[in-house]
Structures are given as C-alpha cells and as structure tokens.
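The following pair of complexes shares a single chain, subunit A, combined with subunit B in the former and subunit C in the latter.
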Partner chain A sequence: MEKFIFRIHRYDGTTKWVQEYQFPYEENKTVLWALTKIKDEIDPTLNFTSACRHAICGSCGVRINGTSYLGCKTPLDEIIETFDSKMLTFEPLKNYDVIRDLVIDWKPKMKKLKLVKPWLIPTEEGSVEKGFKQTEQEFSKIASPTDCILCGVCTSECGQLNVNDGVYLDPFILNKAYRFALDSRDGSSNEHIQPVLDNELWKCIHCMQCVTNCPKGIPLTDQIAYLRKTTMKMGAKDNQGARHAYAFYDDVKKVGRLNEMMLPIKTDGMVKTIGKRVPMAARMVYKGKINPLHMPKKVNGIEGIRKIYKYAQEVSK
Partner chain B sequence: MLAYDVVVVGAGGAGMMAALSASEDESLKVACISKIFPTRSHTGAAQGGINAAMGYRDSTDSPEKHFKDTVKGSDFLADQDAVEFFTTKMPEVISELDYYGVPFSRDGNGNIAQRPFGGASSPRTCYSADKTGHVILHSIYEQCLKKEVDFFDEWFLLSLVVEDSSFTGLVVMNIKTGEIVPIKAKSVVIATGGFGRIYWNRTTNALNMTGDGTAACFNIGIPLKDPEFVQFHPTGLASTGVLLSEACRGEGGYLLNKDGERFMARYAPEKMELGPRDLVSRSIETEIKEGRGFGEGMDSYVLMDLRHLGKKKIMERLPQVRELAMEFEGVDMLEEPVPIRPSCHYMMGGIHVINPETLSTQIEGIHAAGECACVSLHGANRLGGNSVADVVLFGKYAGIGARETAHRRSYGSETKLNQEAQVWNKKFETIRNKKTGKNIVDIRNKMAQTMWDNVGIFRKEEEMATALKEINQLIKDYKDTYIGDPAVRYNMAFVNYVEIGNLLDLAKGVVMAALNRKESRGSHSRGDYQTRDDANFLAHTLVHKRENDDYELEYIQVKITKYQPEERKY
Partner chain C sequence: MRYGFFPGCTLESAAGELMISTKKVASALGIELIELDGWTCCGASHIQDVDEFLATSVNARNLALAEKLDAPLMTVCNTCTLMLRTTKKDLDEDPELKKKVNKGLRESGLEYKGTSEVTHLLWALIQDYGIENLKKLVKKPLTGLKVANFYGCHIVRPPQIMGFENHRNPRSMEMIAEALGAECVDFDQRLACCGFHAVFPAEKEVLKLTATNCISSKMAGADCMVTPCPLCQMQLDMYQPDAQKGYSADIEIPILHLPQLIGLALGYSPEELAINRHIVNAVPKLKESLGV
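And then the complex of A and B:
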C-alpha cells in the first residue's frame, strides 16, 4: 500500500524534536486534510492552526521541504510531484517565533505593522456621514494589495528577513504601506511611506520568493519598486539605496553599461568605500577578477538605450 | 485580577465593531478577546456583499423596501422594530465603513457599487469584488489598531460569571500559555459567531464556529432563541462542505444522481436546477436517502456537471469557481463533474437579545451581537447580504450599549470569579491527565451524523426523536471523554474538547426546538407538517436551561409593527 511519511518538526516550548507519521496515501487531498487527519486519528498532541479551509483566513501557512505553502489550498499531489516523494518534512513558517509545533506568534509582527500606520488617514473630501467618492480606476489600484490575507508566507520566504536583525519590514507590511499610499481616499501617503524608508526599504534583495509563493499572487516586488521610486520623489535621494539606483541609472544612460569600479563609490561614498570595500577589491584585483584601469566605453547601440530611457520617462508620466 | 470596563468576546465583524464603538469613549478601558487572531475570523469568508438601501444603483430603493424584503424573507418571524431600526441605519454604517477605508467596488459615478441578490426587490448589495467580508474585517481591524484597542489574541472564553444575579466578569484561557484567568468587567459584548459546526464537516463554516459565547450565555440562564432555524446551502463541496457558488446552477449546471439522471425533473420539472435553495437542498437529500447518491453516510454526494457548457463558457463565466473546485475538491470541472452536497450555512437563532438598539440581554451587563445573537432580524430565514450588515450594525450598537452599561455599573465581587477560575483549572488538569475514556472525535462525528441525518434539511417527528435520544447519550458520553494531550501550552485538544461540549448543548436545543415546532416556516421544513401555522407558531422559541441541565421551551410574541403575515411567494 502506498503511504505518506510526514516528518513534522515538533516543539513544546522547551524541547524540539522531529516526529514521523505514516498513513495511507489518498489522492486529491490537501495538506490541511493530512494535518487534520493526523490530529484526529493518530496524534491529538500535534498543533497547527486553520479555520476557513478555503484560503481566505490566512491561518494555515506551513513549510514543506523548506518552501512555504497555504495548507488548505495546496494539493498534496502537487507537493508529491514537486518533490518527487511522499516523504515530506513539515516545519513552522520561518521568521516567526514558534509557540508550539507548527503554531507561530503574530503578536510581534503586529507591533511592527503599526509602524506604517496601517489605517486610512482620510482626506478632507470624505466624511463619516457621507463616505467618499472614488473612481473605478482608483479602486482598481487598491484591489490587488487588499487581497492580502496575512498568512505570513511572504515573511517566511523573505531572503532579507532571513539574515536581517529584525528592522527590515516584512513584505506584507510593505504591502500595507503601499495599499494606503495608493488609496485616493488617503491624504497622507508620506506617513505610510516614511517609516518604510526609515526601516531599510532598500534592503530588499529581489530574490522574488515572496511573489513566487504568495497564495494570492500579489506583486509585492513591484510595490517595493514603487515605494522606492516614491521615496526618491519625496526627496530621499541621499541614502545608500537611492544612490545605488542613481548610479545604475546614470551609468547605463551614459555608456550603456555599469561602471563597476565607480558603483560602490557612488553608492557608499569615498570614505566608506575605502574602509569597507577596498580590501576586498584589492583581493579581486590580485586574483584577476577585476581590472582597476578599465573605464567602460559607450556600448554599440547606446542611441537605442537612450530612446528606451526617453520612452520610459514618457510612460511614467 | 485583570479588570476592564468593557470586554468584547469575539473579533469578527461584530466584535471589532463593538470594540471600536466602545473605545470611542476614551475614559473606558476596553479589551477584545478572540480565540483566533482577529483577521482569521469567519466574517472574512463572506464573499457576496452587504445590504444597505443606498439607492446608488436604483434610486427608487429605500430603507422601507429593505425593511419589507427582510420581513418577507424571514417568513414573518423577524421582529419588525429591529428590522426597521436596522434598515434605516444601514446606509450610515456603509458610509462609515467607506470612511474607515473599506475598498468597495465602485460604479461609474464613483459611488459604492451595488448588485442584485436573492429576495431583494432592488439591487442593494454593496460589495468589493468577491471578497467583501474579507476587506471589511481587515479594515475594521486596522481601525482597532489605530484606536489602540487592547487585543487578547488566542484567548478563549470558558464561561461567564454571575453572582447574586449580577454579571461580574468572565473566565478565559490564554491558549498560548495555558493559563486560566478571571477578568473583571462591568459589561461584556458576546460576538462569537455561529455554530454551524453541529453538523461538523457538512457546513460552509470555519472549523471554530462552535457557538462558545452562545453556550456560555445559555449556561448562565440566558435563553437560546429560535435555534431550529438553520440555513442550508445546496451546493457545498462534498469532501469539505466549502461553498461552491450558486453561479454554477445559474449558468446552467446539471445535478446528476448515480444513475446519471437529472433528478431535479422529479422535484421541479419546470425550473429544474434553478429551483429555490431550500427545494434543491431537499431534493438532493432525498436522492441520497433513497439510495441514488454516490458514497456512503456522511460521505454521500451527487454531482454537479458543467461539462456541457463547454470550455469557453466555463472559462469566461466561472474561472474562479473552477479554480476553487480544483483546489478544494481536486476536480477540474472542464473534465469531470464536481461532487457536491448541501452544507449548513448560517444560524438564524442564538442568544436571546431583548433590545435591538442596545443589544442587551435579560442579564444587566451582558450584550450580544452578530451571528451568535438573535435580535431577531432574520426570523425563520436570512436574506443573502443581510448578515455582514447585521454584524457591523448591531456590533456597533452593542458597543455603544455596553459603553453605557459600563458607566451605570461598577465592578462586582471577585469571589465567584475566583471560584469559577478554580473550577476550570481543576477541570483542565483532570482532563489533561485522563488516560482513558470515550474518544472525543467519535463523539463529535456521531453528533454531526445524527444531526445531519435527522435534524437536517427536512425533518420528521420520529427522526428528530431519534436524534434527541442520541444527543442525550452523547452528552453522557462526553462526561467520560479523554483528549490525549497532557500539555499546558497551546493545548488545542482541550480547546476542541470545550468547543464540542458547547456544540452538544446547542445541538440539543436545536433538536428540541425543531421537534416542537409543528409547522414548516422559512428554513424549518417538516415532512409531517408541511405548511406554516400562524395560529400556533407565529412566535419565537425560547429554550431555557434549568437545574440538572433540563431544557424547557417557551414561546414569545413576534413584534409586528407594519407588515401582517401573508403567504410568502416569489
């Protein structure tokens, strides 16, 4: 008989262990079905969270073989195909405190969420009595970001949160800031965006894992790009991230490619570069990885590149 | 001891609206307790929308028309003073939600978009695509964060405490730590949602819709009103009960039995699959009972076949429904028919509320709003889109009511509160350490089975009598159950154990009230009494829990102000 073998990471507040469960394979079942079956029929001490069973409450995020999924909407057959095995390892979502087994703590995240003022700061055009007018186009801008169900999959997958000390904001928090910044009924987008900038907005490493795994298909990295652009428009051009972006922008516009020798200087300034990057650069020169004397020339087709710049500028107007 | 002027139990639409309006008064300390993280609450599952006579889409619409539709929909069992209050105030609440940032879909004039809904004489259902409840829930939560409401997430109400007939507070468990603590309060708003889980998997409700607040009130003497009125949706997915949209029937899907027959021909030869919800639900269950369904027992089902519509039409009109069936039933409707069965959707009955404007109950200090309560707005049958409206509006007024009550009252004695916490501590310890006994999951499944088979979509004397006997037996068995988890921290097995106890108490109320209502009205449809009987049953049922856990039934008058009962025809 075919069977599932689940290896579940358990935790009781003090001890951690991995427990194995085996039960008969059934087709067309979800991840949540399997966890519920284990709790009901094999081991009542196993804990996880779930509620709606149809991908709207955001309770059932879990990691399987290192990737995060929403348990109730993920077919086991798909997981088996992805990993080519019926032996699966379950862990709680990453980048959260674990309470017990697969149950994580949301409380600290809500403290962090509050930084971006995650509520509408109404313009004077609206009132409690009458509400607002909003066009269909204006509504469509906030349609996708308000799909977020706070399931935490993005946080669990975030490459920056994995290494960061905890200041960097979780993708769903950036989404919230974006959602209000874009709402035509909100009169203070800066109040949502400034805290984002103050909390390492530029540290997103574009690993795209949040977007790839978001069960609601929210384009989180597009939003991060938007937030960055907006902070630059707000005048926040003199920070590492913005300078880095401008360096890219200027170089490519000028010669059609990056000047990697100058990039760190433009981004971090001369002093910091000497302190932080020169030792590494010296090693790279020594190993023949870079040539300090190479100054990039204009690439062929630079005219085309400039046209693209012009076009992009027009479009973004 | 923790002390709050107002404690709200529940963080769904009703609970958080109550917490918000209570905390408008900054002199009061307000807490909001929820057994799950607030945005996980089931209000988020509402897709279709929220009713209010804004008149944006149809300028002839009015609160008066909404009033009339609701009364007719209720099969004349709704209290008309409550309905009128509700329909008059609803437009204001929608504007308020807009001001709170709810992303409503819009019409060409920049107003909130409205769509037609069943039983409504005008298109008055405001919506946000197909995620109306979700966005309302999240927006209200955001407002609560702004107001700095004190949230106690993953805290579980165990019981309410009344000393010398006066409400003094509640006993709760902090699930994360396993601690059981008393909380002193001047007033409380119960907003714990419905109890569709008496049918366990045959419901569109979330896993935690177990009626804890309703049971807590029932246990301290607040009666259960009209519990026999249970709304069933004909097309729940077979394996999980998750809702498959009505659009499938609307677009021309066929319902097939195991002989491949379009069985609706037997029950509604003209309308076929497009018959009304209750009729279609009854027809499906008849097929299954008479052996023409697939599968067995609780796993029986019939098929919804859409293949004849063709790929183009399905992809154009039902792309999301197709996705849902693939994700939650593992079936691609382009290739195969979808297994479906009716599913319990909504509880019209609940905590007996005596004043629709303050949502107070007969015990001073205790208010109730949302699906856990019975105002009664929905009477014998709720209209689609009227429940999310109910929760935000009555949630708001319950908050105001509780605020005023808190000002009138002072903190009571701690004696009984401490005792009650002790009782629960003892119980927790005993149950945790119990090694043998009746299996709790079996008890739960047996309850669901008997409720479904005997007190489901259509009802008969003998069957319900059987159910009552079985539920009584299960209540006995429950006393000797064990849960199999000795842990203190995050012991969901214990939480589930308490929930199942609550479900059993409420299920018994449903059966008794249904047995005794010898007529068919709204959702309560009896094979042995097929017509409405206004002479004897134009009345609300009240179920009381007396000494020794005996239940007693009483009937009280329906408040009729404007619309005299007439035949309900559409």
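And then the complex of A and C:
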C-alpha cells in the first residue's frame, strides 16, 4: 500500500523535535485534509491553524519541503509531483515567531501593519450622509489588492525578510499600503506611502518569491514598483535606491547601455565610492575583470531611443 | 541553429569572460549567434521603478530588433530574460498596449509584432539543441567535479512569465551538468536569491545572503558553484571577499558561468574560457578535480 510519510517540525514552547507520521495515500486530497486527518485520527496534540477550507480565512499557511503553501488550496498530488516523493517535511511559515508546532504568532506583524495606516483616511468629498461612492473603474484599481487574505505565505518566502533585522515591511503590508493609497475614497495616500519609504522600501531584492507564491495571484512586485515610483514623485529622489534606478534610466537615454564604471558613483556618490569600493575595483582591474577606461559608446539608433523617451513622457502625462 | 543574441550590459563590462566563453561554446556547438545591432539595456529590473511604460517600450524595441532578423532572441542573463519575456507577455496579451508602444517605435522604423520567442542559452540547449547532442561533443568529461547549481531567481520566477520548468524543483542545470559528466550536489540555497539587485541599498543583508549561499554549497561538498546568470556570478564572486569579512567560517568557493562549465567539458582550457578573471580563483580547484 502506498503511504504518505510526513515529517513535521514540532515545538511545545520549550523543546523542538521532528515527528514522523505515516498513513495511507489517497488521491485528490489537499494538504489541509492530511493535517486534519493526523490530528483527528493519529495524534490530537498536533497544533496547526485552519478554519474556512476555502482560501478565504488565510489561516492554514504552512511550509512543505522549504516552500510555503496555503494548505486548503494546495493539492497533495501537486506537491508529490513537484518533489517526486510522498515523504514530505512540514515546517511553520518562516519569518514569524512560532507559538506551537505549525502555529505562528501574528501579533508582532499586526503591530507592524499599523505603520502604514491600513484604514481609509476619508476624502473631504465623502460624508456619512452622502456616502463614499466609487465607480467601477476606481474599484478595479483596488480589486486585486483587496484579495489579500493575510495568509503570510509572502512573508515566509520573502528573500529580504530572510536576512533582515525586522524593519523591512512584509509584502502583505506593502500591499495594504498600496491598496489604501490607490483607493479613490482615501484622501491622504502619502500617509500610507511615507511609512513604506521610511521602512526600507528600496531593500526589496527582486527575488520574485512573493508574486510567485501568493495564493491569490496578487501582483506584489508591480505594487512595489508603483510604490517606489510614487515616493520619487513625492520628491524622495535623493536616496540610494532612487539614484540607482535613475542611473539605469539616464544611461539608456544617453547611450543605450549601462555604464557599469559610473554606477557606484551615481548611486553612492564619489566620497562613499572611493571609501568603500576601491579595494573591490582594484581586485577587478588586477584580475582583468574590468577595464576602468571602458565607456559604452552610443548604440546604433540612439536617436530613436531618445524619441521613445520623449514619447513615454507624453504618454505618462 | 540561429539566434538573435542579446548579450546584456554586463557582458561588455564586468562579465566580459561570459562573452568570451559564450562565443567559444556557441561556435563549438555550431550555434550561430547574431548580436542584435543597437540593442539597449533591458532595464535590469530598475527602469520600471521610474517609468513602467518606458521600460516596456525599450524592450519592445529590443524584441523588434530580433524580429527583424527573423530569429528567436537568446540571452545568457536571467534578468535580461525576465525583462524581455515580461514585455513580450504584456504586449501579446494587451493589444491596446501593443498599439500604444508601437506608436513610439514607428519613428525609428521599428514595429513589435510578437514573432520572436525569448529564450536563454540554458533552455535552448535543452529544448532546441538537445542533451544527447551536447553529450556527443563532450571531449573532457567533468568526472570528479562536484558542482552546486545556483539557478538564480529570474530564470524560474515568476513562473507565469518564465514557465520553462517546475519553478519549485527545476532540473535543467542538473541535466546539463550531468551531461557534461559532473556530479551535482543538493543544497539548501539552490533556488535562493543572490541579492544583486539590492546590493547598494541593502548591502548588509545582501552580503549575509552571499555568505549563506557560499557556505550552503560548500557544506554540501561542492567544488564550485555554477550559475546561468552573470549578475548572480558577480554577486557571489566579486562580493565574496566582502561577505567573508562578516564571518569566521571559510566561505570561499569558486563561481563559474554556465558556458564556462560547458567549455571545460568541450576541451577548452580555463584560460581560454577566461576563468582566470574571477575574483575567487577557480583554477586550483579545477586542476585538483579535473587535472586541467
């Protein structure tokens, strides 16, 4: 008989251990089905959270073989196919404190979430009497971000949070800031966006894990680009992230290609570059990895590229 | 086999050795690479932060250059591949956007039609060239060399845009390395991020990531790491001495570009593949394991 072998990372508040559970394989079942079966039929002391079983409550996020999934939405057969094995390792979501077994602590995250004021700051046009009406088009802007069910899968997979001291905002928090900043009924988008800038917005490492694993398919990385663009429109251009982005933008306009030699200077300034990057540059020149005199020449068709820039500026107006 | 070649900015500068090794390998395999005339930077996942429409337009122009050659576009960089494929998907799925973008291209006599696919050397070798054909050309099997395949994010994620293989458990790098006779090690950071795109604003965190990536592959017994992306290679190699400063454990491990690994098996010397240009010297390990 085919069997599932689940190795579940357990924690009772003081001790951690890995416990193995075996039970018969059944096809067309979800991850949550299996966890429930273990708790109901094998070991009632196993702790995990779940409620709706329909990808609405967001409480059954769990990590299997190092990747985060929403338990009720994920077919076990898909996981077996991915890893070519019925032996699976279960862990609680990453980048959270663990309370028991697969149960994580949301309290610190909720405190952090409040930084971006995840509520409507009403416009002056709306009132209790008149209501806060929205057109279909206005609603469509927030339709996708309001799909977030706070399951925590994005946090668990976030490459920056894996190495961050805790200041960087979790992707679902960035989503909330975006959602209220774009809401036509909200009159103070800066109040949602400024805290995002103040809390390491530019530290996103572009790993694409959030957008890849979000069970609701929310375009989180597009949102991060939007938030960055908006902070620059608000005037916050004098920081490493903004200067770095503009270095690419300006170089393509000027010659078509990136000038790698000038990139550190444009991003960090001359003083910091000399202080920090001279040993690295010296190592690279010594190895023949770079030629410090290499300056990219204008590409064929640079005039056309500049026309595209002009056109894009007109379009964005 | 004929491709419109999109080298990307790093190949003209800090990853010159990838240009050298890619051209050597392509010519040995009989793959014709025609460099796109007038290609520009793909935006490197940064330009959209300033102007998303511009980022799309610039890459539509790059794609139109490949279409003019009537050939698929090939890159050797994960991020270039993702940027170009993102643009292609956006334009192919949104006729209004395509029309708007083409209006900007018209002034330079270009038009994006959607006729050229975007691929990466890694994929082309498997999908177009064939592993069995690659195997036939192996002159010096990499027997005894243990490699840690570091995929990099943008060759697999997001799967809606990349979609070549299962993004949670890809096999393409292992297929190539094994075809060359190398032994692949499994390691925790196989699908991790190198952090390159944020090395300026998040230096502390990214160096920690570099150290983790290096130690993870070392602990798995690898002689070297191999990556299909020059940005991952730069982060893991160029920044390794800086990452080492934060840790007492020895993190040192050589980092090869994918075409360099292939080139070794095709019989080229490390010097011919410009492996001697790397910051972490790979040559002693290669000599020890392969006797090259």
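Please note the rule applied: the second predicted complex is superposed on the first by the 309 of 317 C-alpha atoms of A that agree within 3 Å, B and C clash if a C-alpha of one lies under 4 Å from a C-alpha of the other, contacts with A are read in each partner's own complex, and residues count from 1 in each chain.
As a working rule, a residue touches a chain if its C-beta (ideal position, glycine included) is under 8 Å from a C-beta of that chain, and two chains touch if they have at least 3 such contacts.
All figures in this text were calculated on a predicted structure; none of them were measured in a lab.
Under the clash rule set out above, the superposition-derived model of subunit A with subunit B and subunit C shows the two partners fitting side by side.
With chain A as the common frame, subunit A serves as the apex of an angle whose CA-centre rays point to subunit B and subunit C; its value is 140 degrees, to a multiple of 10. Once chain A of one complex is fitted onto chain A of the other, the partner contacts of A:Gly126 are limited to subunit B, with no touch recorded for subunit C.
In the superposition on chain A, A:Glu260 makes contact with subunit C only, not with subunit B. Of the two partner chains placed by superposition, only subunit C is touched by A:Tyr249; subunit B is not. Judged by the touch definition given at the top, the superposed model places A:Thr49 against subunit B, while subunit C stays out of reach.
In the superposition on chain A, A:Lys289 contacts subunit C only, with no contact to subunit B. In the superposed model, A:Met234 makes contact with neither subunit B nor subunit C. Within the superposed three-chain model, A:Arg100 lies in touch with subunit B and out of touch with subunit C [touch as defined at top].
In the superposed pair of complexes, A:Tyr309 makes contact with subunit C only, with no contact to subunit B. Remark: least CA distance from subunit B to subunit C after fitting both complexes onto chain A is 17 Å. In the superposition on chain A, none of the residues of subunit A is touched both by subunit B in one structure and by subunit C in the other.
Within the complex, the subunit C residues that touch subunit A are 9-10, 12-14, 16-17, 37-41, 43-54, 57-58, 61, 82, 100, 103-105, 107-110, 153-154, 157-159, 166-169, 188, 192-193, 195, 197-198, 200-202, 205-206, 208-209, 212, 238-239, 241-242, 276-279. Across the complex, subunit C is touched by residues 66-67, 82-84, 159-160, 162-164, 200, 202-209, 211-212, 221, 225, 228-229, 232, 239-242, 244-249, 251-252, 256-258, 260-261, 264, 267-268, 279-280, 283-284, 287-291, 294, 296, 299-305, 307-309, 311-313, 315-316 of subunit A.
Residues 12-13, 27-30, 39-41, 43-45, 47, 49-59, 72-73, 75, 77, 99-101, 103, 105-107, 110, 113-114, 117-120, 122, 126-136, 138-139, 142-143, 146-150, 180, 183, 185-186 of subunit A are the ones touching subunit B in the complex.
Residue ranges on subunit B touching subunit A, taken from their complex, read 36-37, 39-42, 44-45, 92, 94-101, 103-112, 128-129, 131, 134-135, 138-139, 142-143, 145-146, 153, 176, 206-208, 240, 242-243, 324, 327-331, 441, 483-485, 487, 489-493.
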